[in-house]
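Structures are listed in the sections that come next.
Below are two complexes that have chain A in common, paired first with chain B and then with chain C.
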Partner chain A sequence: MNILLAILQTLLFISLAPLLAGWIKCCKCYLQNRKAPSPLQPYRDLLKLTHKQPVVSKDASWLFVIAPYIIFSATALAVTVIPLIAVDLPTAASADVIVLVGFLAFARFFLVLAGLDVGTAFGGMGASREMTISSMAEPAMLMAIFTITMTASTTNLSFAIEHIMQEGLVLRPSFIFALLALILVAVAETGRIPVDNPATHLELTMIHEAMILEYSGRHLALIEWASQLKLMLYGVLIANIFFPWGMAETLTLSALGYGLLAIMGKLGILAVLLAVSETLFAKMRLFRVQEFLSFAYLLGLLGMLSHIILEASR
Partner chain B sequence: MDIENLDLYSQLILSLAALVTLTSFIMLAQGRLLRLVFIFALQGFLLVLATAIAAYSFNNPHLYISAAITMALKVLFIPWMLRRHILKLNMHRDVEALSNKTAVMMGGASLVMFSYYVLHPIMQNSSMVLLNALSLSLAVILLGMLLMISHHQAIAHVVGFMSIENGLFFAATVSTSGMPMVVELGIAFDVLVAAVLFGIFFLHINSSIDSLDVDKMNRLNEVDQ
Partner chain C sequence: MILFLAYAAVWFSFLSGLLALLIRQHHSVIKLLHYCCRKQPAWQQHLDNWLAQAVYPQRIQQLSFILMGVAGVFAISAGVSGLMSQTIITDQLSLGLPWLPWHVRFDSLSALFYLIIGIAILAVSCYGPGYVKDNNEQDHPFAILGLFSGLFISGMFLVLLADDAFFFMIAWELMSVASYFLVAFQHENSANRRAAFIYLIMAEVGAIAIILAFGVLASFSEGGTFTFDALRNAPLSTTWASVAFVLALIGFGMKAGLVPLHVWLPEAHPVAPSHISALMSGVMLKVAVYGLIRFSFDLLGDIHWQWGVALMILGAISALGGILYAMMQPNLKRLLAYSSVENIGIIFMVLGLSMIFLAKGHSNLAALAFVAALFHAFNHALFKNLLFLGAGIIQHQVHSLNIDDMGGLIKRMPHTSKLFLIACMSISSLPLFNGFVSEWLAFQAALQVGVLDNAVLRSLIPVMAAALALTAALAAACFVKLFGVMFLGLPRSRQAEKAEEIQDKGMLASLSLLAGLCFLFGIFPGLMINLLENVAVQTLGYGLPNSTAAGWLWLAPVSMQQASYAAPIVLILALIAGGISFHYLRRDPAVKLRQSDTWDCGFGGLTPRMQYTSSAFTMPFRRIFSGVWRIDEKIDKKAGAMPLQVTDIHYQLHVEDHSWSKIYQPIERSVNRIARLVSRMQTGNIRVYLSYSFFTLIFLLWVVS
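Moving on to the complex of A and B:
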């Protein structure tokens, strides 16, 4: 029963991800005085892409063809680790947060390989940029996450969230730092505006788009879907760790429905914040990304320090 | 004692202390002067909040007065004055090139650890809030000094100096529940006079070496070389 519920939760996660991307696009359009497409537009795009014939370069190896499937399934597996509407599900309890980071790194590794595989200049450039950014984002993310896991004294996300919920409202300075660090890392990792621009194919600004330039058809659909999943994954991570209220602790129908409403509300608000920040800030130069991410690392480090200094029992 | 056993006011004061330290770090990395002054004002505002909460939770009404003085001086008057100087000297478009920002930030993080390490044996017997708030205010003082070392502009030095004073004020508020009123008024006037004097100095430095970059003072010599 619980396993069935865990599978259902993952399927729900995967099916909701394009909706979140569409909603963010809507918010951005409203803020920029443009006419917004329907929030369901990403579904239509994905459907259309699956009907198109994928074109594969004759120089591409087998890696190029299987990479989208690996990327999508690794991201989907990462999603299973995160509690979406209920805590204490078997899949979430079986793997901890370090496995989650590992899954994301695995997906990124294959994305980068696929970008390099065709041998175009863009692919190589995007791949090297992606690796540079991720090598700085990952320590910052782990630092922020260690702060939380030290508070809950478990690296398992599900148990950590349960611990935070049972504690009730406690103002922790370390969580403020960890939240800020995780937001900065999420912006960098999902390729949103101060770091990368998801909307353009302008060669100077591309990171993620440069790598997937050669993809088409259902391969492109899978990669797009995986990146939407990753965006939602970070959103859920931020919403459910720092504001876990509303998640279902018991597995009754009403609690689950309430949990679903809560997470959709939280993600909706986060999406509005993201859209506002993307409208307010300009994309920064690539060489300033290092400063941005080292600031995120510093915040994570301060969170860890203030956990030890301010909160640890002695 | 764990943080979840403290009452909400102490948690709030600790969170504000952490945020004050964060503003010190942001100031350390800030090359634009107007933004530096704005963050300084923000730090002052967080300090005012912390003082007001301390006044309420320790039931110490004279802390409200010192909160009001801080609000008037450090949140409104001094930032306004610095801002006016920056605009008048036409420096608001300059971005100071800070050498090796990341190393300075990491140095700041180690200063936080150092201040905690120094205060730990002294405060072994006192309450947790006191120890943490004191070590964070020592960290703010040291970070203010680091700000003065790492920046070249005279205005940034003034901001660093004032943020050292912020750290001292915070330490006094949480550890002794406020200094005597006379002392506090005296310090407030000192800060006020210092701010006005700094303004005059800015004009003099600017007219004599045509810049507020204090590194250029190294070139001043009695003998022509």
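Moving on to the complex of A and C:
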């Protein structure tokens, strides 16, 4: 039963990710006085791409062709260990939150190699920048996560969320810092404004798009889907760790339905916030990103210290 | 039995060295063999054919490496059985001075490092024959290479067996001096001679520190004896124990390559032959780690948490410094050498964590950190050997070590590139590979910091964990760059364009062996962790917090509630996810791939020179961490006829380590200054010297009377 639920939850996660991306686009269009496409547009795009014939460069190696599958699988694996609608998730035991960061690193490793594979300046540029940003973001993210795992004294996400729910609504200064740090990291890692601009092509400032410039057809579809998954993954992490209320603690149908509604509501609100911030801020210069991420690291560190000084029970 | 295996490993590695000496003695060897089997003329005929003049050197090389391989097999079996049986075996050899027999002891800590060396030399023995085949016998005689390799390996084995300070130092010096000759092997370049000289100086300074450390212990031991048993029981005050620890840290840290004592490492490792640099980087540095563990955890015993803090901070500096320096190196083997500094830093950091837990009385957590450090040492030996051996193949095929001369090798060298990719993934600590598991264990140990009652430590350790995370992320960036620039993209030079896959089966087999082990211990880390727990039990007296910590499926070092990792399940899930997406998208036969030109923005004429180079790739890092290096960047622009027109741009980049200019050059200058002062006494005038003798004589007579 539990296993079945885990599978269903993962499939739900994977199938909902394009909807979230579409919803964010809708909100942004609305805020910018443009006519919005349907929130289902990403599904249509993905479907269209899977039916197109992929074009692969003559200079590409086997790594280029296999990379999208690896990137998608690694991101999907990361998704399997995050509780979405029910707290109890058996697969969370097979890989804890540190492994989750490892999965994301795995996906990134191949994304960057694929960017370098064809040997264009764009690919190299995107690859170099992606690695720079991620290597600054990873410590900040682990700092924020360590704050949470030390509070719950477990790195298993299922148990950690259970612990937070049982404690009820406690105002923890460390969690506020960790939340802010995680939001900043999420913005950087998912390539949103002000770090990267997902809407532009062919700008010298782009990062993610520069790496996948050579991809087309089903390969592109997989990579796009993986990046939508990653966006939703960070959203769910933020929503379910810091605001876990509403998640199903028992496996009744009503509780699960309520959990689904809760997470959709939470993600909907987060998406609106993201759209607002993307409308308000402009993209930063590349070398301002390090300040942005050091700020995230600092917040994570403050969260950790305030946990140790104020909250640890002695 | 176990001890017999251990001795056999020493003997066979020694024999492999001696055999190499016979490479020029074709006639005498044939005569000797004829004499031996004079009753069997058929055998003589066979021997003559088999050892014909033309193939004789090759046969000797192969035999020498086979003996080394046999030594490796013996060492592996000694190591595994020593780890499983958990017994301590002691022995005395009546060698050396008559009243100072050599004490031998083989416990599970020695067994672990035996295993590490055994695997490494087994891989090297498969690799060696192919590597030295095209060796120029006139310039670089194999006799020297083989002899000192044998001595070097047996020296390392003996260090692990030693149970008294004399024997330890003799074995240590054997290892150091033999490896000096190996570093100086390609001595025709002055840079190589200089590197070897620096190595020798630093090795000897380190040895002096180790001798002093033993001396401090021995002066407190019963009767001033130097056996490890006596040193273990020596009653030391905290101050003297700390003095001994600091001396040992300097001595072993110099060999292991802790920043700022690491400067010999990036000089010496690149100039040695590749299989030797693999041994030096993968194994010899581990012997130094062994020395520190033996000295501090076993001999000193009473650990203070301050030592742990010192070790942790030094380790963090080494880890971060090592990987940042590595990132900037254009030379493949220098890059790998700096990355060894990084990994040694990680090992020391985790050992420091273990010391802190041990001193604060949380022995099971100390065991966890200890196991993590040992596992990382083991893993590093595997993937660093793989990387260095791979580098040897690439140097052989591309005739260059500059990574900016490569590119596109993934198509020209498909097997090597796959094996190299596995090594890069392991060292970047990606899940499913072994490097990840040890780092995961280290994080788990660091996260248990809540049990400590000292607030400073409680906040220091998470910061160190973040430093570890930064190191891992930078390592991933460094090795993505390395693989991307070397193997992907378009060939950047003519040699890279003409490169071919290596034909020698043995070389590829040795790489495959190591890559397979990297993957095996990434999926089933429990196999190794169970053995490592025995080491912790014997050395620290405690095992992991969760007694069923490492089954074949689950890895839950603290408790199932706190953290768990099941690599086999992850692998199965990954295969399912990959399989589904692959099959689903492949089912439509109408949409096969179409090959086409790379998109060139409509301008046409993409050239390999338009690709990102390694220095371009690391440019953002250079800017962000600009204080870490001494950067010398020069851009020369030649103006054209038109204003603002540029016809020619020359870009020069030189990145250097701070430690030379900040530490070593001042030392060098002051040594020179003192030497000049002393040289004033030496006028070269015989009368002055005679008067020196005269006054000395008078002085001595006065003292005596």
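Heads up, the rule we're going with is that the second predicted complex is superposed on the first by the 313 of 314 C-alpha atoms of A that agree within 3 Å, B and C clash if a C-alpha of one lies under 4 Å from a C-alpha of the other, contacts with A are read in each partner's own complex, and residues count from 1 in each chain.
Everything below uses one rule, namely that a contact is a pair of C-beta atoms (placed from the backbone, for glycine too) under 8 Å apart; a residue touches a chain by one contact, two chains touch by 3 or more.
Since the structure is predicted, the reported quantities are computational estimates derived from the model, not experimental observations.
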item: Side-by-side fit of chain B and chain C on chain A, or clash; value: fit
item: Touched partner set for A:Ser134, first chain B, second chain C, both or neither; value: second
item: Touching partner for A:Thr91 - first (chain B), second (chain C), both, neither; value: second
item: Touching partner for A:Lys35 - first (chain B), second (chain C), both, neither; value: neither
item: Contact breadth on chain A, by residue count: chain C or chain B; value: C
item: Partner chain in contact with A:Leu305 - chain B first, chain C second, else both or neither; value: both
item: Angle at the Cα centre of chain A, taken between the Cα centres of chain B and chain C once the superposition is applied, in steps of 10 degrees; value: 90
item: After fitting on chain A: smallest Cα gap, chain B-chain C, Å; value: 7
item: Set of chain A residues, in rising order, touched by both chain B and chain C; value: 290, 301, 305, 309
item: Residues of chain A touching chain C in the complex; value: 50-59, 61-63, 65, 69-70, 72-74, 76-77, 80, 91, 93-96, 98-99, 102-103, 105-106, 108-109, 112-113, 116-121, 123-125, 127-129, 131-132, 134-136, 138-139, 142-143, 146, 149-150, 153-156, 159, 202, 213-214, 217-218, 221-222, 286-287, 290, 297, 300-301, 304-305, 308-309, 312, 314
item: Interface residues, chain A side, partner chain B - complex; value: 167, 169-174, 176-177, 290-291, 294-295, 298-299, 301-302, 305-306, 309-311, 313
item: Residues of chain C touching chain A in the complex; value: 407-408, 410-411, 425, 428-432, 436, 440, 443-444, 447, 449-450, 453, 455, 458-459, 462-463, 465-467, 469-470, 472-474, 476-477, 480-481, 483-485, 488-490, 560-566, 569-570, 573-574, 577-578, 581-582, 585, 588, 590-601, 606, 608, 610-612, 616-621, 623-624
item: Partner chain A, residues of chain B touching it in the complex; value: 1-4, 8, 11-12, 14-15, 17-19, 21-22, 25, 29, 101-102, 105-106, 109, 112-113, 116, 132, 135-136
